[in-house]
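Across the two complexes that follow, subunit A remains constant while its partner is subunit B and subsequently subunit C.
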Partner chain A sequence: MTRAAKKKKSGINKDYMGYVFILPFVIVFIAFVLYPIAYTFWLSLTDTQLMSGVSGRFVGLDNFQALYNTPAFRTSITNTWLLWVLGFTPQIGFALVLAYMFTNSTLKLRGTGIFKALYYLPNLLMPATVAALFATYLTRFGPVNQAIIAIGLVDDSIAFLDTPLWARLTVTFIGWWMWFGQTTIIMVAGMTTISPALYESAMLDGASQPKMFWRITLPLIKPILLFVLVTALIGGLQSFDIPFLLTNGRGDPQGSIMTMNIFMYLRRSSVMGDIGSAASVSVVLFFMSSIVALVLFGLFREKDKD
Partner chain B sequence: MKKWFLFCLAIVGVIVFAACSGNAEEVGGIRDDGTLWGELSIMSFMNDPMALGVYFTEYHPDVEINFIMTGMEGGAYQTALQQILSAGANVPDIVMLDAGFVRQFVESPFLMDISHLLPAANALEIYQFTLDAGMEAGQLRAISHQAAPGVMYYRRSLAQRYFGTDDPAVIQNYFRDMDAMIESAQRIREISNGETFTISSHIELSNLFFANRSTPWIVNNRLMHDDPVLAQYLDVARVFRDSGLEAEIGTWSGEWHAGMNDTMVDAHGNPRQIFSYFLPTWGIFILMPNAGDTDGDWAAIPGPLPYHWGGAWFAIPVDAPNPEVAKAFLEFVFTEDVMTKWATGYFSNERLRQIDPSLAEVFGLAAGDFLSSARVVRNTSAAMVGTDTYYFLGGQNPHDVFALAAPNVSLENLQASDFIMNAAFTEAVTQYLEDNLTREQAMQSFIDSALIGLPAGITPN
Partner chain C sequence: MYVFKQRLSKFLCYSFFVILAVICVVPVYMLLINSTRATPDINRGISLIPSDYLLTNWQSLNARGINFVRGLFNSSVLAFSTTALSVYFSLMTAYAIKVYNFKFKKQFFVFVVLMTMVPGQLYIIGFFRYVAVLNLLNSYIPLIVPSVAAAGTVFFAKQYFDAALMPELIQSARIDGASEFQIFNKIALPLAAPGAFTMGIFAFVGSWNSFLTPFMLLTDQNLYTLPLMMSQLNSDPFITDFGMVYTGMAFTLIPIIVVYALFSKRIVNGISLGSVKG
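Let's look at the complex of A and B:
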């Protein structure tokens, strides 16, 4: 090999520096993301119990079969989706309307900054605080019951957190209340990227406000909508803190707010600490999230092609 | 540059190896001359063991206490403990176990046999029910310094109004059993025109019924949902609900606390009172700071059924790195001298700071804890006269009542699954009382909910 060729090879070797720079990330990624995911998959195929003191045995898909045969798990899937749909629908609706109003120059709204901050405020509260707050408001003799009796809405107090319907509505209301501000901010960011020239042209053509919203705003913020939808969906499927803290930590009344994550926690905190079974719930959740996210991406892409 | 790359890899390798490799060095033990040395790590959710640990170091200056405090909120403590003990890494020498999960660990293979403490326990006359909770397969695996028998705290002024007396002996007769309690509760409702509720909700009674089940929750892989005591609970709860004898407010809620100081108003804004609270020994420390103007207007009686609520147990993990010192520590704690000092408030923060000046102010044991030793309770009970708790109960010695209640408590039926079963059943009762479910549906709802937390193979039939 000639000296020149050696020098050239030595020059190529400089690329190793790049590996050195990404090494910390790779190590952290492997240690805290890849390994836990792989280990969770492995655990889901075993009967590992924390309190047994012995290693779990490989049981194939037994944990998944057991889940399929557990009515409470099926209920938890229904609850998870129901709570997400009920909470997300008004959340995205409010966010779209508010963001449109905030960004619409023809409306000339004042003090939008204050409102944005106020709407975002609930998102800064800890879920534990929010759950404690609502649990206090909604007791039998609590302020909400006192208020609705005082104004004559009802004759007697309502057991909000002991009634499945009210408990579900409370969780969805909290989800909406905590997150619509955040979604509004993201929507505002998306809408401000739309060129005002488009609206000006539309106005010259005599387009109404609703028409401009449906024909200009909505199509152009589709990528932002997809982002919100996917992140909200993943967050919604992982719902745990509020329904867990609002009642007795078991998703009651009657398991009406028992989400998949609460079910997973109940398996994990079972008498024997069934982490193999809990991991199988996690794997189902993983596939469910992935499939739905892929479907959403696909749907949006299809429409883009159109 | 290749050398750079290899150097970085080597550094990372060293770090990973150092992180993964355990410390195989001996961390403590007993020297040939009998002195103890090394680190004694204690994992706890309460401050008590730290205070005792500091006092222990006065006698064993070569022992260093490493106190690991973890909160119990949302099951954080037992979750962490499960992980640590099952992984066998960073295992403490002493762990504290709450009544809610003591059996879960006692029934596991993670705790050491500490039966060598039984002679000391017998000498101290440790209440049998606290020993029963720590026994498994003929071994003592956890031992409690506290006893938490439940009693019925009631308002003296309300008792005067509805029964013409506030004498605990007479009031106990009015609440001697469940039938008498229902009768007395109806009397309270009638005379007060419904302004005074006997209890806050059926949840107050749940511990009483659970503690008096005729069988454990699980027998031969069968969920014992048809225990007659559970049926009685449903019957009594229904009477309390339908007759307006309970306030229908949850334990630990704002109204529950307001009922302690007569500031509770119902949903219509009408003032309401709660006659009694079913709380254990430590309940007096819940009542006192919330009592407000009702301070001194309280008394305590054993109530209709013996029960317990709470308590904490000491245990040594089998993988404890310093088991000899851990054993010596428990032998030190379970002596008449230390327990007597504990009961009489000797372990004040000031006293402990004489041993360790850097000790934080939160560590110290005030007088008044009801300990598990009947012998110590008997010998120190007189010291409670004139204390805050004595005046809070209108001149009644709380330890006399607790000592009356404690021998009747049984924890023979306590199992690892109790905390799950009790929560699931209480919720089913609530649904039944709210008329959201029929009795049969409520029972099925309980079974479905309970099975989530039970091992496979346990059935209701």
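Let's look at the complex of A and C:
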């Protein structure tokens, strides 16, 4: 019996109540999400400033052209992507390997629940505190330098947060530290849905563990891989808290960890409060995330067809 | 030989797991330890045993004029109210999608799923300016009310209802003469309680940790949440009293660590649930 027929039979149709129940969501959504999104797009086409006190004039694509001609903006794009790729690669690598071990039926490892719980812990910690924590650990005379000198790894302390390379590696490390556990848990969830019979028959055919990983596990968790990739990418491109709070709030040393959102924030907090310009950064980020997400969806779907 | 190989690979796996666990836990553990140590001791070297300077550190923190207790109160007000709103209204929205057959329902749900991919930072400038025009800067309203429309939570709630809510139950309640709101509040909500709890933890942590939005909207220090106080403390380059800084940091983390210690299983399961079915 179809749903409609069922309704008719019982003689009660309350489907209009659906609108009533979604009403609070819709109202708040329009007022606090949809309108701000549209408003951000509009602001990006104006020269609105916080300090001038007058609402901005429409200037077309001037803000975008100005961005294009600003070397710092281009640097921020490179930084955002570089930091994301550097952080995400080990994150997904560790997650895949760990999840494969956790779910492997020949290894029969116990106590994996505890490890999952411990690996996830950093993800829940307040980013403001995590940034402050690592900033404190990595000072010239801080615990990390004390430790690596004590065990003879280096002769002199490392200026972690004053050298571009080390600053980038630090942001990367924090990203990995905070996220590999979360990714592992998702991968475990994906891998447990794979039928053990597949591995058993492959094992009878004499397949090695790495071969089974590449030929069975990886293809079967493709949808989850896509999910992780897209969400990590959208989140990663928004990177702000950690690099902003780790150093002086300008993405220094030498702008090496200045992400697009830090650049956006700096525009907004500039002397005149250029929020028109800041909005244009967000719009670029918006299109960038959408296009990349669409490309990823397309890539994965095409591969599914064969 | 086979057994030996098996044992060896098990041993190697566990060693790898333990090393990673140490990397995850030691930075947090050392933070908690350092919050109990005196700054000169901290400067002298690493220790893994607690000392007894916690109170002294706490007093110097308060003497600096950053009121962490106030921050704890503010953060709690925001976290509890946003959690309650987002859980209740997300369940309500998801219930509508699950139970009623209204026009554009499919499109509406697709739209909700798409919106889970639009993070708030993307329109923070428009949001900020809009809130300023409404004269709501330095108010909690723009930080609390938007949680009524939390797309991610709606998605999670919908998954939960799909698994836990039987249509027959609603039909029989209707025949008994219950109103639609009664059915939702008295039957669907209790059924969804375990899921609501998991959603609630994530909403709570999200609000507790959120930085950029309150950072942009709040300038009145009396309204500052813990992350803002943390950044205030962290951005002062002249601080040399690290014992005090560690105590401040520990103060911001302990509530979440306690929550996690109590509910880690639910939280871990919640992450799996949110991903696999999607």
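Couple of notes before you dig in:
As a convention for this text, the second predicted complex is superposed on the first by the 289 of 306 C-alpha atoms of A that agree within 3 Å, B and C clash if a C-alpha of one lies under 4 Å from a C-alpha of the other, contacts with A are read in each partner's own complex, and residues count from 1 in each chain.
Convention: contacts are C-beta pairs under 8 Å (C-beta built on N, C-alpha and C of every residue); 3 or more make two chains touch, one makes a residue touch a chain.
Values in this document were obtained by computation on a predicted structure and should not be read as measured data.
Superimposing the complexes on subunit A yields a three-chain arrangement in which subunit B and subunit C clash. Touch criterion met: A:285 reaches subunit C, while subunit B stays clear of it.
By the touch criterion defined above, A:296 lies against neither subunit B nor subunit C after alignment on the C-alpha atoms of chain A. Contact with subunit B, but none with subunit C, is seen for A:266 once the two complexes are overlaid on the shared chain. In the superposition on chain A, A:136 contacts both subunit B and subunit C.
Contact with subunit C, but none with subunit B, is seen for A:193 once the two complexes are overlaid on the shared chain. In the superposition on chain A, contact is made by A:249 with both subunit B and subunit C. Taking subunit A as the reference, the larger set of touched residues comes from C, when subunit B and subunit C are compared. By the touch criterion stated above, A:38 is placed in contact with subunit C alone, subunit B being left untouched. By the touch criterion stated above, A:274 is placed in contact with subunit B alone, subunit C being left untouched.
Of the two partner chains placed around the shared chain by superposition, subunit B is the only one that A:162 touches, whereas subunit C remains out of contact. Across the superposed pair, subunit B and subunit C both touch subunit A at residues 14, 16-17, 19-20, 135-136, 141, 146, 150, 245, 248-249, 268. For subunit A in complex with subunit B, the residues that touch the partner chain are 13-14, 16-17, 19-20, 23, 27, 49-53, 66, 70-72, 135-136, 139-142, 145-146, 149-150, 156-157, 159, 162-164, 244-245, 248-250, 252-255, 263, 266-274. Within the complex formed with subunit A, the residues of subunit C that make contact are 9-10, 13-14, 16-17, 20-21, 23-25, 27-28, 30-31, 34, 42-43, 45-46, 89-90, 92-93, 95-97, 99-102, 105, 108, 115, 117-119, 121-130, 142, 145-146, 148-149, 154, 171, 174-175, 180, 184, 205, 208-209, 211-212, 216, 226-228, 230-231, 233-235, 242, 245-246, 249, 252-253, 256-257, 260, 264-265, 267-268, 271-273, 275-276, 278. Subunit B contributes residues 1-2, 4-5, 8-9, 12, 74-75, 78-79, 82-83, 86, 104-105, 107-110, 247-250, 253-255, 264-269, 272, 416-417, 420, 423-424, 427, 430-431, 434, 436-437, 445, 448-449, 451-456 to its touches with subunit A in the complex. By the touch criterion given at the top, residues 3-4, 7, 10, 12, 14-22, 24-26, 28-29, 32-33, 35-43, 48, 94, 98, 101, 107, 109, 112-113, 115-122, 124-129, 131-137, 141, 143, 146-147, 150, 177, 181-182, 185-186, 188-190, 193, 224, 227-228, 230-231, 234-235, 238, 240-241, 245, 248-249, 261, 264-265, 268, 275, 278-279, 282, 285-286, 289, 293 of subunit A touch subunit C in their complex.
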